[in-house]
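You will see two complexes here that share chain A, one where it goes with chain B and one where it goes with chain C.
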Partner chain A sequence: MNRTKIRNLTAQTGLILLILLMFAYFGFNYIRNISQRNIEIGYGFMDDTAGFSISQTLIPYTEADTFGRTFVVGLLNTLLASVISIILATLLGFVVGLMRLSSNKLMSQTALFYVELLRNIPPLLHVLFWYQVVFLNVLPPFKESFKLGEWLYINVRGITIPSFVPQDNSIPFHIITFISLCAVIYVGIIKKQMVLRGIHKRLWPWQVLLVLVPVAYAWLFKPYSMVLPQITKFKFSSGMTIRPELFSVVVAMATYTSTYISEIVRSSILAVPKGQLEAAKSLGFPSYRRLQLIIIPQAMRTMIPPVTNQYLNIIKNTSLGMAVAYPDLTAVFAGTTLNQTGRALEVMALVMVTYLSISLVTSLLMNWYNSSIIDRKGDLISKEDIPVE
Partner chain B sequence: MNNKLYGRIKSIRHDYFNTPVNAVLSLVMIFLLAKVAIWFVNWAFIHAVWTGETSEVARPGGATWAFIIKKFRFFLFGFYPKQHIWRILVTLVLMGASFVPYFMKRVSHKVLVFVAHMVLWPFVIGLFLAGGLGLEKVSTNNWGGLTLTFILSALGLLYSFPIGILLALGRRSEQRIIRILSTVYIEFFRGIPLITILFMSSVVVPFFLPSGVAIDKIIRVVIGMTFFQSAYLAEVIRGGLQAVPEGQYEAADSLGFKFGLQQYLIIMPQVLKITIANIGGISISFIKDTTLVLIIGMFDLLGIVKPLASDSNWLGMEPEGLIFAGLVYWVICFAISRLTYKIEVKVNTLPATGVKA
Partner chain C sequence: MSMKATFKLSAAALIVALLSLAFVSCGSGDTAAATETAAAAPAESKASTLDLVKQRGKLILGVTAGVPGYSAPDSEGVWQGFDVDLGRAVAAAVLGDADAVECRPLSAKERFTALQSGEIDLLCRVTTWTATRDAELGVNFAGVNYYDGQGFMVAKDSGIKTLADLDGATIAVQAGTTTELNLSDYFRKNGMELELITFEANEQAAAALEAGRADAVTSDSSQLYALRTKFKEPEKFDLIPELISKEPLGPVVREGDDQWFDIVTWSFMTMLNAEEYGVTSANVDEMKASSDNPNVKRMLGVEGGVWEGFGLGSDAGYSIIKSVGNYGESFDRNLGSGSPLNIARGYNALWTDGGLQYGMPIR
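Up next, the complex of A and B:
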């Protein structure tokens, strides 16, 4: 062994020893501090009765349930807010990104204004703005709800819409809907392949027909019964209410992140070589087909990694909902449960591991999607699928 | 004159009404934008109230800027005692003055100035803001407003830079253990929300200290934010390192530079030049992230809105407070993004160094 190697080895061993020593020191202090306060160490508290209520739950939950269940409730609320925010942010981001590329100057300038205005304001302020300003100050009180017929009520306490209660025949309805959706997507794929091969045939009537099947089924057999919101005394006794906390978090995250996604969309589209657009034009594709078939698939390749980062940001940023008491993982578990049990380290470790796992799963999913549209050389797969005739 | 007018009309027609679809879109957009703009001007200026002592002066449909004007001191300095505010100003002037050496030609190793900042700023802040050496002590609980935002961002950015650079180098190191440790650090801090780190530093960290030892909350928060920020900075710097051509390393090696000098004189200057836009972006997001301290009960520029609007004289003034805070953040972030753009342009117009590819 030469001298450099020995030096490297000692440096690395020293570093590891240092880190182990640091952890040991903190661990020693922790155990001593904890035992002074007579708190047990470990996750035994997860089976104890929680005894506090949560304002929004996706699964049945009462005060008699355990702390373990509060974790699940919080996690589901985090996932709910994240999924809705991601969908909305993607849609908004695409619209704004395409608007910025519009040949209409007013459109592109408005989109630029939207992006510059929203992304220079902290996301937490977005959340507080929607909650404090829009919900608590602009919307009418409960008694003077803004009404749209019998179906929609908007007031300080949220947005109430009819709820749909599944009937006995809802299962075949789900199956039919699923099949018809798959068929619609399949027809779309066929259509794309045909266009790329130069065959032009109208297929959209088939798609409309396929969509009409579940609609007709719903019309005829009524698999769901709609329950209109009913007011009894001071609250709604039926109907579904979207609470202001959820609404604020979702709208704030969607608008804030859409500014970043729109920039990604714009720059990815601009990164597609100009010759591609010109070639598509000279082949006579109409403008929306140019975008759909030539530009966006190629832009997608540069788009996915940065968009994945934005999705991860959304998942992490939904924890800001805590400021408006949205009962997500951080607020319920790292907030209330931590305060009730005093198991700071255990709770925080679990929360961190959970966020890390969600991030990991999301990036794995996006990587899988990425590799499904791009082969190893970085070319789009669909290009090679098409036989050269 | 006529020609000019004609040209103007022609360009408007070309930009806004070039196709029937665009014409309709433009008209709809103009209508909507005008509506929003008129409403906003009415609310923010025409029906607004600028003077008054309580929230009773508020008018429906108008903003109550009197609240902001009355509470302006708190937005800037938090609950810092009025007779001591000069100390904040002195601190800011000193910190501002410490940037002067960067612009002096005689100082050839600017990195020493940076190290001096890292050593001296905490002392200046500690001495003047917290008190000591004859100055009356002011609890850090009273720090707040824009001052707190500034201190958190300045210290966080200051310390995350060297750590970020070390982590980036570590992640590219040939020594496996260092590489693994850096990667784990970076991916861990990038995978969890900042709020969990703030919780850790406010709730869990006191348990890690030997009994009797207490570190002030603001220091714990700065350390936590530095950990978080340095992971993101490391990724930016790593991107820059990857963009430096291999030939630069080889040239430095063949000239006999050791690793440290090679990085200091040849690689890092190029990396910083390449990554300047991303560093600007990350600084902006860091400043925006400092707002999260409101969740652990600190009163930065955003966090102070709520206590100020809970004043019995000014109940229900959150909208004005939030919008004012938003405006300040917007101005700061927008200014930084413009500044980085200017620096980027300036740096890129320097005579090209190194070998042309």
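Up next, the complex of A and C:
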């Protein structure tokens, strides 16, 4: 080892030590401050009674429940908003991305306008726009709802639709639906393997038949009964209400992120070598088959990693719902619970770890999907990747 | 030594220097906090506040940085308000001149320190009287000039008249406050159903009521009245008369100066008694000359020598009413029908009108 190396090593070790020392100092300070105030560090407070109520809860919750339960309630609300936003953003993004590639000027220009308008506005403004402008100032008051028959009510308090209450025979229905869905997916996998081996057989009628089974069951035995919304003094006593807070967050996140997804879709499609399209054309594939069979599968490969990023952004950005009183993890747990308990370190640590875990699980799922469509060399799965039986 | 190594070394040295700087500043931050705590300890002042104020020729009054109706500078920069009026009453009693008041705006954090250190003579800053403050801060509360509490604002056409009508209602509230807990507790205790929407700011919660997203908004009632002035149609909204928490606001003095405590207490009591006996700033001269009521005579210094006992001139009571007016006048002018806030007297009505304001007898 020469002198330079030794010197560098000493400097680096010193730096690391100093950083560790700094963290130790902060930690020591924290413990001293906390003990001065006679507060114990730990998650014991999670068993204390919360005492405050939350507007939207996916699991039963009352003021008498614990702070621990407020965490679960907040987490589920975050997941709900994220999942709906991700599905909508993906669908919208695909449609807009394909529209931008259309040779029809009206289509492509509309898509361009949509993308440029929405992605250049900060996401917080999107959320505030839907809540403050659309819901609070444009929609009619509760007593003068916009009505569509007895089915749909739209007013400043949200969108109310009929709810479906499961009956006694709903359990066999759930089982049949689950089995039929599994079968449909299985048939899809078989079809793909057959295509890769060069066998072409029509399998979709089987899939349709499989879907028809639960539909027929539902039609014959009525496993759910529909309950129409009923207005009482302050709210709808029945039916399902999508609250303005949830609606604003979801629509804002879906539209805002769809612009980024559409650009990813567009660029991924453009990245597929032109020769592929020309070859497909010369083989006589009609235009929608070209897209479905040749272009999109190849574009998927480049699409998935950046789209995963956008999904992670959606999950993190749903915390903006705090600005419009959406009771997500940040608002409920890192907001009210933190304020009521004063456990800043414990609460923030837990929330950060939770967001980190959700994001990591999402990337993991996406990576797993990505690896399922490409082989070891990074090409799409093809005939050569199928083990010969 | 090569150029690269020199660069690396100096970069490392720079980082080390910066980090140690961070250490030093953390340490000094600690010391600053320590001095602050020391300053917060009550300062022992031997001289009586009355003598100090007389010597100085003016009263120094601690007020808010600007809460309309309670204490805020008007368009000419003169401090006006309900709390300022109480300070003016004390100045009128002590110095005979209600204008001899210097208002010092204080934040909620600064207020008690300013009083303890003798920077101000009297604190009238929408301050809630609680046991902890009385016990630990070295201050005394000299009465309650405004009975505040957590209330509910609703639309007038909603048909909600009492708290019981709120069963099942959607209520907007500011996040992370005791207001939120009080509300949930109240509904739980009474077996009422509640849908709570929690906003980051009171203004947002009020906007939710205005737009019809919520049936009611809850906060301290004085706060609700102030929020209402910003509505497009304030006349369409009103407060439910009942309150669900106690927030008594009053004047605060330093502990250990009983004479000054008495002067502040009785300046306020004079304003209450004046309202009860119908003495106003307009008719005080006439009352002084012709009233047969012995209470009024003692209050205005015609009989009795009550005020001399406090170390004041015999016309202290007269001076208060003449220059500031009685409690009702001050209330109407700053908070009530004569102001944009338009606050109902409610609990702040005189005891003779079913309220809680009760002037101790002057005799």
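The criterion applied here is as follows: the second predicted complex is superposed on the first by the 350 of 389 C-alpha atoms of A that agree within 3 Å, B and C clash if a C-alpha of one lies under 4 Å from a C-alpha of the other, contacts with A are read in each partner's own complex, and residues count from 1 in each chain.
Here is the rule we use: contacts are C-beta pairs under 8 Å (C-beta built on N, C-alpha and C of every residue); 3 or more make two chains touch, one makes a residue touch a chain.
Not measured: the values here are computed from a predicted model.
Peer 1: Once chain A of both complexes is superposed, is A:Val156 in touch with chain B (first), chain C (second), both, or neither?
Peer 2: A:Val156 contacts chain C only, not chain B.
Peer 1: Now for A:Asn8: first (chain B), second (chain C), both, or neither, which partner does it touch?
Peer 2: In the superposition, A:Asn8 touches chain B and chain C alike.
Peer 1: Regarding the shared-chain residue A:Ala323, is it in contact with chain B (first), chain C (second), both, or neither?
Peer 2: In the superposition, A:Ala323 contacts both chain B and chain C.
Peer 1: So, does A:Ile179 touch the first partner chain B, the second partner chain C, both, or neither?
Peer 2: After superposing on A, A:Ile179 lies clear of both chain B and chain C.
Peer 1: Between chain B (first) and chain C (second), which does A:Leu58 come into contact with in this model arrangement: first, second, both, or neither?
Peer 2: Once the two structures are laid over each other on A, A:Leu58 reaches no partner at all.
Peer 1: Return first, second, both or neither, reflecting whether A:Thr336 touches chain B, chain C, both chains, or no partner chain.
Peer 2: Only chain C; A:Thr336 stays clear of chain B.
Peer 1: Please work out whether A:Phe135 is in contact with chain B alone, chain C alone, both, or neither, and reply first, second, both or neither.
Peer 2: second
Peer 1: If you stack the two complexes on chain A, which partner ends up touching A:Ile189: first (chain B), second (chain C), both, or neither?
Peer 2: neither
Peer 1: In the overlay, answer first, second, both or neither for which of chain B and chain C A:Phe234 touches.
Peer 2: In the superposed model, A:Phe234 contacts chain C only, not chain B.
Peer 1: Can you pull the chain A residues that chain B and chain C both touch?
Peer 2: 8, 11-12, 15, 19, 29, 132, 136-137, 322-323, 338
Peer 1: Taking the touch rule as given, give the residues of chain A at its contact with chain C in the complex, in rising order.
Peer 2: Those in contact with chain C are residues 4, 7-8, 11-12, 14-15, 18-19, 22, 25, 29, 51-55, 62-64, 132, 135-137, 141-142, 156-157, 232-235, 244-245, 322-323, 325, 327, 331, 335-336, 338-340.
Peer 1: Which of the residues in chain C end up touching chain A in this complex?
Peer 2: 1-2, 5, 8-9, 12-13, 15-16, 19-20, 22-23, 26, 168-170, 172, 175-177, 180-181, 184-185, 187-188, 194-200, 204, 207-208, 211-213, 215
Peer 1: Would you tell me which residues of chain B are touching chain A in their complex?
Peer 2: Within the complex, chain B touches chain A at residues 15-16, 18, 22, 25-26, 29-30, 33, 175-178, 181, 188, 190-196, 199-200, 203-204, 206-211, 284, 287-289, 291-292, 294-295, 302, 305, 316, 318-319, 322-323, 325-326, 329-330, 333-334, 337.
Peer 1: Could you pull out which chain A residues touch chain B in their complex?
Peer 2: 8, 11-12, 15-16, 19, 26, 29-30, 32-34, 36, 103-107, 110, 116-117, 120-125, 128-129, 132-133, 136-137, 312, 316-317, 319-320, 322-323, 330, 334, 338, 344-345, 348, 351-352, 355-356, 359-360
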